[in-house]
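Same chain, two partners: chain A is paired with chain B first, then with chain C.
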Partner chain A sequence: MEIVFSSINDSAARFSITGTSQPFANALRRAMIGEVPTLAIEDVRIYDNTSALFDEMLGHRLGLIPIRTDLDCYIPQEKCSCEGAGCDRCSVMFTLSVEGPAMVYSRDLIPQDPRAAPAVDGIPIVKLTKDQKVVLEARAVLNSGRVHAKWQPTTTCGFKNYPIVEISDRCDACGQCVEECPRGILVVKGGRVTVVEGRLEECSLCRLCERACLNTGIGEEPAIRVRSDDSRFIFVVEGDGSLPVREIVQRALLYLKSQSDELCEKIGEVSGVTGDEEENE
Partner chain B sequence: MAGAYKCARCKQKVEIDVNVRCPYCGHRILFKERGAAIKELKAR
Partner chain C sequence: MIPVRCFTCGKVISPAYDEYKRRKEAGEDPKKILDDLGMERYCCRRMFLAHKEIIDDLNPYQ
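And then the complex of A and B:
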């Protein structure tokens, strides 16, 4: 398996994986979305809320705020020795107290642990007019996106097959496909159509170029063919700020590994052969 | 029906018995006051 990163920073990554299957690519996608834990507000204690929003609506909005998560410092509540009561190891307390006229932003949530602050400062929560007030306490806990979307560490997270564009010698460089391509990946160069350098990955496999080619009356078969590579995938992963994208990918892969190891172990238990013995053979 | 209400115009505390009307200024828009209890809920 070959992995090539075209770009990676804290908020987004783009990479291609070669030599794997669609089910594996989908497993990685699902692991990144649903199995990498993050912090999100779960319990809210509202002392005062005279804003235009109902308490439930306010709570819902608070839950969706991404919170910077240090996975080495926190553990899920079900694994904590406090047994769900809430302690420093498994939860973070926040306080919010704002009086109108003002807009309440995510930066107004004051965390007990400064490392676990909201990932983005300027998320509007509710607008207060004169004499309106919101006073509340919130508790964020670690959980995974499988339970609720607020615990997803990703926003955009998906993959597509790697495109293969083949242009045969029958191409007369009429330029119809160049005009039709919505992504602008084709160009007429030196008397024939070619793919613009470095833009092949932009192809959305829409095949409008094939249809444009056929419409020129070239015959039964178009001179340009677009196929997808079934063993090569382009991933686009964007984080919501709670975790760096690098860590999201790493944690998802570790999750897949631990699941596979567990399966191996179970199969070994059933068949009476351990993984180590199999390796030795 | 008795409960803590507040007149929208004169901001006085009002008890509603029969008519929905402020006994002090006659205004007919009353706000129900929020109780003192702390509300706990799930952020979902």
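And then the complex of A and C:
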């Protein structure tokens, strides 16, 4: 299996995986969305709220704020020795106290652990007028996106098959397909239609070019053919700021590895065979 | 208040609302503002275009 990154930074990545299957690609996608844990605010204790928003709306807005997560420092609550009571291994406390007139921003949330601050500073939470006041205490815990979307480390996260565009010798460079292509990946060059360099990955496999080619009366078969490569996938992953995208991908792959190892072990236990039956990743 | 995240994709969009509102009131084309703010997908763009701010109307009532 080969992974090639065409772009990567802390908030987004685009990469292709070669030599794998659709089920594996989907498993990776699902692991990135639902199995990589992050911190998010779960419990809010409201001491004073005279703003126009209800307490539960305030709590909901707080829950959606992405919080920078250091996964080496925190563990999920169910695995913690405090058994859900909340200690500094499994939760982060935040305090917020603002008096109006003011806009309450996510930067007004003061974390107990400065490493676990809100990932985005300028999220407006509520607007206060004169004499309005919000005083609260919030507790963020580690959990996974499978439980609630607020714990997802990713926003957009998806993949598609790698496109293959084949243009046969019957092409007469009429340019109909070039005009039809909504992504602009085709061009007439030297009496032939070719794919614009570096734009092949943009192809959405819509096959409008094939139809345009047939409409020119070329015969039963179009001169341009679009297929998808079943063993190569283009991934687009965007993070919400709580974790760098590189770490999301790494953690998801480690999760898949530990799951398949566990499966091997369990099968070994059941069948009584203790050999190394490797899972095909 | 503008929702914290896009309903569909989950991108954190609310920090951009202050600038969007300011520039829109100055008469700029929403298309250009949204392009500048990096709102690429139409799910995120509609969050701005379809939003109606009512917090100021609600504030007098307790």
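One rule holds for everything that comes next: the second predicted complex is superposed on the first by the 274 of 281 C-alpha atoms of A that agree within 3 Å, B and C clash if a C-alpha of one lies under 4 Å from a C-alpha of the other, contacts with A are read in each partner's own complex, and residues count from 1 in each chain.
Assume contacts are C-beta pairs under 8 Å (C-beta built on N, C-alpha and C of every residue); 3 or more make two chains touch, one makes a residue touch a chain.
Just so it is clear, the model here is predicted, and its values are computed rather than measured.
In the superposed model, A:138 lies in contact with chain B only, and not with chain C. Once chain A of one complex is fitted onto chain A of the other, the partner contacts of A:241 are limited to chain C, with no touch recorded for chain B. Contacts of A:66 after superposition on the shared chain: chain C is touched, whereas chain B is not. More chain A residues lie in contact with C than with the other chain of the pair chain B and chain C. When the shared chain is aligned, no partner comes close enough to touch A:153: not chain B, not chain C.
Judged by the touch definition given at the top, the superposed model places A:53 against chain C, while chain B stays out of reach. In the superposition on chain A, A:111 makes contact with neither chain B nor chain C. Of the two partner chains, neither chain B nor chain C is touched by A:222.
Residue overlap on chain A between its contacts with chain B in one complex and with chain C in the other: 50. Interface residues of chain B, counted against chain A in their complex, comprise 34, 38-44. Interface of chain A with chain C (complex): residues 50, 52-53, 61, 64-66, 120-127, 129, 132, 149, 152, 154-156, 238, 240-241. Taken together, the chain A residues at the contact with chain B in this complex read 40-50, 55-56, 59-60, 62-63, 138, 148, 150. By the touch rule above, chain C contacts chain A in their complex via residues 1-2, 4-6, 9-12, 14-15, 17-18, 41, 55-56, 58-59, 61-62.
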